[in-house]
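Should a chain be cited, it is by its letter among A, B, C and D, assigned in written order, with residues numbered from 1 in that chain.
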């Protein structure tokens, strides 16, 4: 892998009060990659995502984006640098219209300048959002809401897009569509780090993967090498 | 019996009450914080208007060009440097700090302007307007017009600007709003700034309508609170109707029970509303 | 189980000194300041019980004080009731008022409770301003003019009453905090959900605390009005009573036993010992309150508790003496 | 399935939050003296089941029979006093009170013991659970493992008949698990029926008599732990199906 990674976590530990949610985690994401972060519930995947976004701050270690330390920055500064998260549970603004949700995604000054182009790109990716642009976001179906959440995150034209459990609660067909869109977003130049519970699914789409267990990385490597079920099963079930 | 006069003044007065409630409702809707200094903020407008009137002979309505921005900056700073810090510690410290601010302001008013009643007297503030056989003070009509202007303005601000968008996002989901790059602390500061601007607007018109003194800070806090409790915190239509209900209950109580019990009835209405439906008539249960 | 320790001995000694002050002929002015200190102390302790230990940020204490004061005034004015009946009856009336109001008030949660209680002051003020039990036009009785309170007590006996109430409030706090109720209240304050899961009836615990605090607040009010000899609505239901309690508790240190003692002393000193600046004292207190909440929310005692010296002193004071 | 020897008998429990169904038609029973495990992926509704039994939430419909009595609608403190104690996944201590006070309060209020008796019992339980050296610390200063133990101590100090344990193992190190298994077994031997939400398979397999797996608010498996864990549907609900077709 050539050069410096786009995102690098170096021995990051995160505590909630006395509870150590993430222990000594190091990982890197290189430009253009799709990397997945796999683990059972409570393994600390979402915590890692939140730490990258500055929603929680690590007690130890550093997070480096484009060669710059970001672990002490505010979320708004990190978003301005070009990192965007599609949070677990979508968290769309349900009483705002679809259009307003997308506009909220283009809040940072950098994004506001190019919001027309980005809007076009998002509508191109998910035409249904254009059709529903005047509708309240809360009236969308689950899959459409997830598309909106992804579209909203794209509006800031991120260099790195973080996806947290985007397939949760969605039907296989919708999930399939979403993953197609993810590939397209990636092929258009956005680097992606995704968190999934659906192991087989995420190994399929990503080039590399890290497996978290109880807050620690227990396994990592190229996704195609990790398809050996037994190893992952043991990471999950421990028996 | 002639109910025309109490009803029409009640409605006009209610419009002004609604403006007093707007800012409180906004702050509660955004931060889930009951701003106990809201009444003091209202009176801030009245006193600043008075100061400008005395010092430069500036017409209070014209002076709004100066008063509203000053109020905005004051609100922004109070939130940024005081309330935000307390807010991080929990809702009770934030509530108590607004209490502290109200004490400070009320006492400052007293030091600067004396504890006695003052009013903003202009030639139009004492004029009457005839509607058929009845006469209504012109200023009451102005109050009612201001109510509509204020509501339209706030509506525009919330729905058509990026500031409004960021506020609405922060209300719905502070975490998601952060992920959009919105700084929640900035939004909160803007919110208090806007709230104080509307409070000072109400204050100027209240000062034109009624005499005021430092203790009015608390009276207007109760009125503001009554308006939003009746109408439902965070609902603009509710705030308007809450204002009218409170205005009417006061003028009608004065008509039937006498001036002495006019505020009593208003307060009892608020208290009962609090007990049976704290989210207000139009509020949504959380 | 009562265990004698240095704290109690200190308390007894201080009480004795305070009790001897009038005998050795200390000045009226000092006695007056001390009198206020004891009344404020009782009020602050009770507000601390509510806000600091029970999670009830009640802003309606002036209303309960006023109800007690007015009941006392009525009983003395109309029925010439002896004091030893009138005072408990006044406190009971305030408590009964609180008990009835607890039904609507406890439906209001958090902020709504604070606002609902704050509203009580205004409701009472307007009502008593209007209410005239003696319908003689122009008579200086009732309504805005209020009532005289003639007890026939000498100022020194009232000072002793205040001393008793102030010291009793300290002992009451110690007793409540050591009791099952106190444990339940602190548990609720710390974590309401866990408290319910531990079998604590949250509503009932809070109600008891509310009623106890009201009774004792009423008692402090009675002592104050006996001294003042007069009650009228604007003063009785004034927000400045609230200032006294809030400032004393928050400046001193909320949720600590010593906080209200230190805080009451500061409030009394600021309002009484700087007579030239008396008009500025609410302003100074307001600024102090705001600064304390912003910078050291645990108050003065909270700050001191972080020092080793203070903790060593506390430890020494609470060590049992055998 | 439910027989006379079940202490907790739950029938067709249903709960939704604003349109989202968290628990649907969930029925099970807990036998006297049994240790029952409850597994399932995130959002399966396990903790909601505990919240429904302990009275934190009121079910939309369904019956929860405890010793033959329907306890639906009772407030949490009454349910605790009847003898159903629980722990929380995220420990919920009284942070400003000492460890001893934390436990003592549960004994006083949850068990109805006198103050002195509660203190004695609290000491005993802390000894048993291994926290007695920290009894005078404020609970807010404890480490995670100790907080979890404190949760357990607070739950068992009132002599409950049923103990609901929510993910006591999560976040613990491998080496800390045997200690936990031993404690749970001992509690069970004292006659307490236990229901256990757990993800750590080793802990589950070694502890429970029977295992229920939930997914999306429904029961998908119920039986001997080793068999259930090998059930294809169970593995699928954890690892997910491969749905991207090349």
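Structural remarks
What we mean here is this: a residue touches a chain if its C-beta (ideal position, glycine included) is under 8 Å from a C-beta of that chain, and two chains touch if they have at least 3 such contacts.
Since this is a predicted model, take the numbers as computed values, not measurements.
By the document's definition of touch, chain B and chain C have no common neighbour. Fewest steps needed to get from chain B to chain D, stepping only to touching chains, is 2.
If you tally contacting C-beta pairs for each pair of chains, B-C comes out on top. Taking each chain's centre as the mean of its CA atoms, C is the chain most distant from chain A. Between the Cα centres of chain A and chain B there is a gap of 43 Å. In whole angstrom, the spacing between the mean C-alpha positions of chain A and chain C is 55. Chain A and chain D have CA centres that are 33 Å apart.
Inter-chain contacts, as defined above, occur between A-B, A-D, B-C, C-D. The residues of chain D lying in touch with chain C in their complex are 54-56, 75-77, 80-81, 85-86, 88, 92-97, 101, 104-106, 108-111, 115, 154, 158. On the chain A side of its complex with chain D, the touching residues are 18-21, 40-42, 167-169, 172, 175-176, 179, 196-201, 204-205, 214-215, 232-233, 236-239. Those residues of chain C whose C-beta lies close enough to touch chain D in the complex are 180, 183-184, 186-187, 189-191, 193-202, 255.
Across the complex, chain C meets chain B through its residues 51, 57, 104-105, 107-112, 114-116, 118-120, 122-123, 126-127, 129-130, 239, 243, 246, 250, 279-280, 282-283, 285-287, 289-290, 293-294, 297. Note for the complex: chain A touches chain B at residues 53, 55, 74-76, 79-80, 84-85, 87, 91-96, 100, 103-105, 107-108, 111-112, 152-153, 156.
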